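These are the structures in question, set out in turn.
Here chain A shows up in two complexes: once beside chain B, once beside chain C.
== the complex of A and B ==
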């Protein structure tokens, strides 16, 4: 995994998606790199899933990176979603009223099931 | 402030990577007050967002700035006083954006208002910088 100060990351491929796995704290110091990873995949016309299972903390700058990814994916005609969302991240998405905006998948093995 | 109040003071530089230190102090203090884990994490988020606002909007990403966090625990409520020494910002411009339009950014003030029971912005008595005091009633949930 690459080092991102308080967060680490890796990108894998699954069922036609680029899966961006983030681990640790996605905050003002680390969200620029998370943003870059997500947007680069989408600019390469890849559908993207962001795996938040090991995200212990996410702030508004991290949420903004997800919103940018969602919007750019729409513009580029590819899919964007979240998978394995940790309780900590889900609570922040609920506060932002975004839990009903992003497609949220329970797991990589169950992409057809969108959690709302 | 009553006799029993406990005060914790933390100073950090206005650098994004120092916010993790701030979060650690807040997490421990709120946890020790007896709040639920969910409340602890929400309060950590709110104080972090206040710090972010200072770094980005008050100091305009100048890492030379200093941020002071005071946590006052008076057994029934927690007060978080966050002070900077930047040019005073227009308090009237500090407001949450509507959530009905999807766009990146602008969520920090919404989080603070949603999580805290009371939020007051002011210019410190010395006339320099900015200050926000956020109050959270202590509940075990």
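== the complex of A and C ==
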């Protein structure tokens, strides 16, 4: 598992997706690394899920990275979604009304269950 | 409307025995305030009550005659300018007049703090800017100049800039002044949503009662440079303090006139010592 200043991450494979697991705080200092991870996976033409179950805090720069990832995924013809979204992250997505934009899955075990 | 009112006991803003002067005139007479993490504190009072002066001291824009102002544990009256620069990255301010740079587009104004304080990718900054504009209902206005906006729009653009860094502390100076009632209510709702989502501690200086009662966890009532009361909305509403009742009832205050002192003020004479 890699380590940022206030966030840790790992990438696993699940059902054809690269799953980017983030843990901790995704903020102005750590979001550039999260962004790089996500964009690299998408540029490699992988469908990506970002697991936010252990994200204690995500700020606008973190959310902007998710937006950029989703946009790039659409351009590259791969799938992008969020999974296990923590309440803290959901609050921020709702503030930006992005909970209505991203495909949000309840869990990795049941990707067919899309919350949005 | 639902609001989260789970407030941590940890004070993130502390004003201790704050005394301030304009020239030789003492305008704050030993103010004490303690604002907790995630709290919305409204500082209200009439014109000349000292509320804007307290705000300026909280922001480090004025130097107090005595006392301390602690933000996130640091006494801003005693730290270096470099330390205060770092601290200000955690602070957002929405000034009454907007304080946008007229030579920059709205988008450039909003992004400015990110350019100054972060190394974020340009695309990330642009998305953040558009997200904040969406939040304040100014989507698509990023390429306009401030002069092309209405007063209410300038105020909302200033709010977008204040929150672009997702600050821990957010200060508003008269957020509702000059706004129509609908936009004012929307702004109040937005303040509540920002607190809920970002756990931001928010200080609002205002004399707008409707807005105060919508958003405040606690209210500090100032009058003539003194704290009259600190309490919840219900506590302030039910206060039997005559001055507070006057403020809430929008009644004209009774001014006691000392005839001799008044005459001396008009004639410029020194007040004679008696007794």
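By definition in this document, the second predicted complex is superposed on the first by the 116 of 116 C-alpha atoms of A that agree within 3 Å, B and C clash if a C-alpha of one lies under 4 Å from a C-alpha of the other, contacts with A are read in each partner's own complex, and residues count from 1 in each chain.
Definition applied: contacts are C-beta pairs under 8 Å (C-beta built on N, C-alpha and C of every residue); 3 or more make two chains touch, one makes a residue touch a chain.
Keep in mind the model is a prediction, meaning the values are calculated, not measured.
*Asks:* Per the contact definition in the header, classify A:25: touching chain B only (first), chain C only (second), both, or neither.
*Replies:* A:25 contacts chain B only, not chain C.
*Asks:* First (chain B), second (chain C), both or neither: which does A:92 touch?
*Replies:* both
*Asks:* Between chain B and chain C, which one contacts more residues of chain A in the superposed model?
*Replies:* Answer, by number of touched residues of chain A: B.
*Asks:* For A:101 in the superposed arrangement: first (chain B), second (chain C), both or neither?
*Replies:* In the superposed model, A:101 contacts chain B only, not chain C.
*Asks:* Between chain B (first) and chain C (second), which, if any, makes contact with A:15: first, second, both or neither?
*Replies:* neither
*Asks:* Quick one: classify A:64 as touching chain B (first), chain C (second), both or neither.
*Replies:* both
*Asks:* Return the residues of chain A at which the contacts from chain B and from chain C coincide.
*Replies:* 27-28, 59-61, 63-65, 67-68, 91-92, 95-97
*Asks:* Enumerate the contact residues on chain B facing chain A in the complex.
*Replies:* Touching chain A from chain B are residues 15-17, 19-20, 23, 38, 41-42, 44-45, 48-49, 52, 55-56, 99, 102-108, 110-111, 114-115.
*Asks:* Within their complex, state which residues of chain A touch chain C.
*Replies:* Residues in contact with chain C: 27-28, 31-32, 35, 59-61, 63-65, 67-68, 91-92, 94-97.
*Asks:* Name, in rising order, each residue of chain C that touches chain A in their complex.
*Replies:* Going by the criterion above, the answer is residues 117-121, 123-125, 127-128, 131-132, 134-135, 164-166, 193-194, 196-198.
*Asks:* Can you check the complex and tell me which residues of chain A touch chain B?
*Replies:* Listed in rising order, the residues are 5-6, 25, 27-29, 57, 59-61, 63-65, 67-68, 70-71, 88, 91-92, 95-97, 101.
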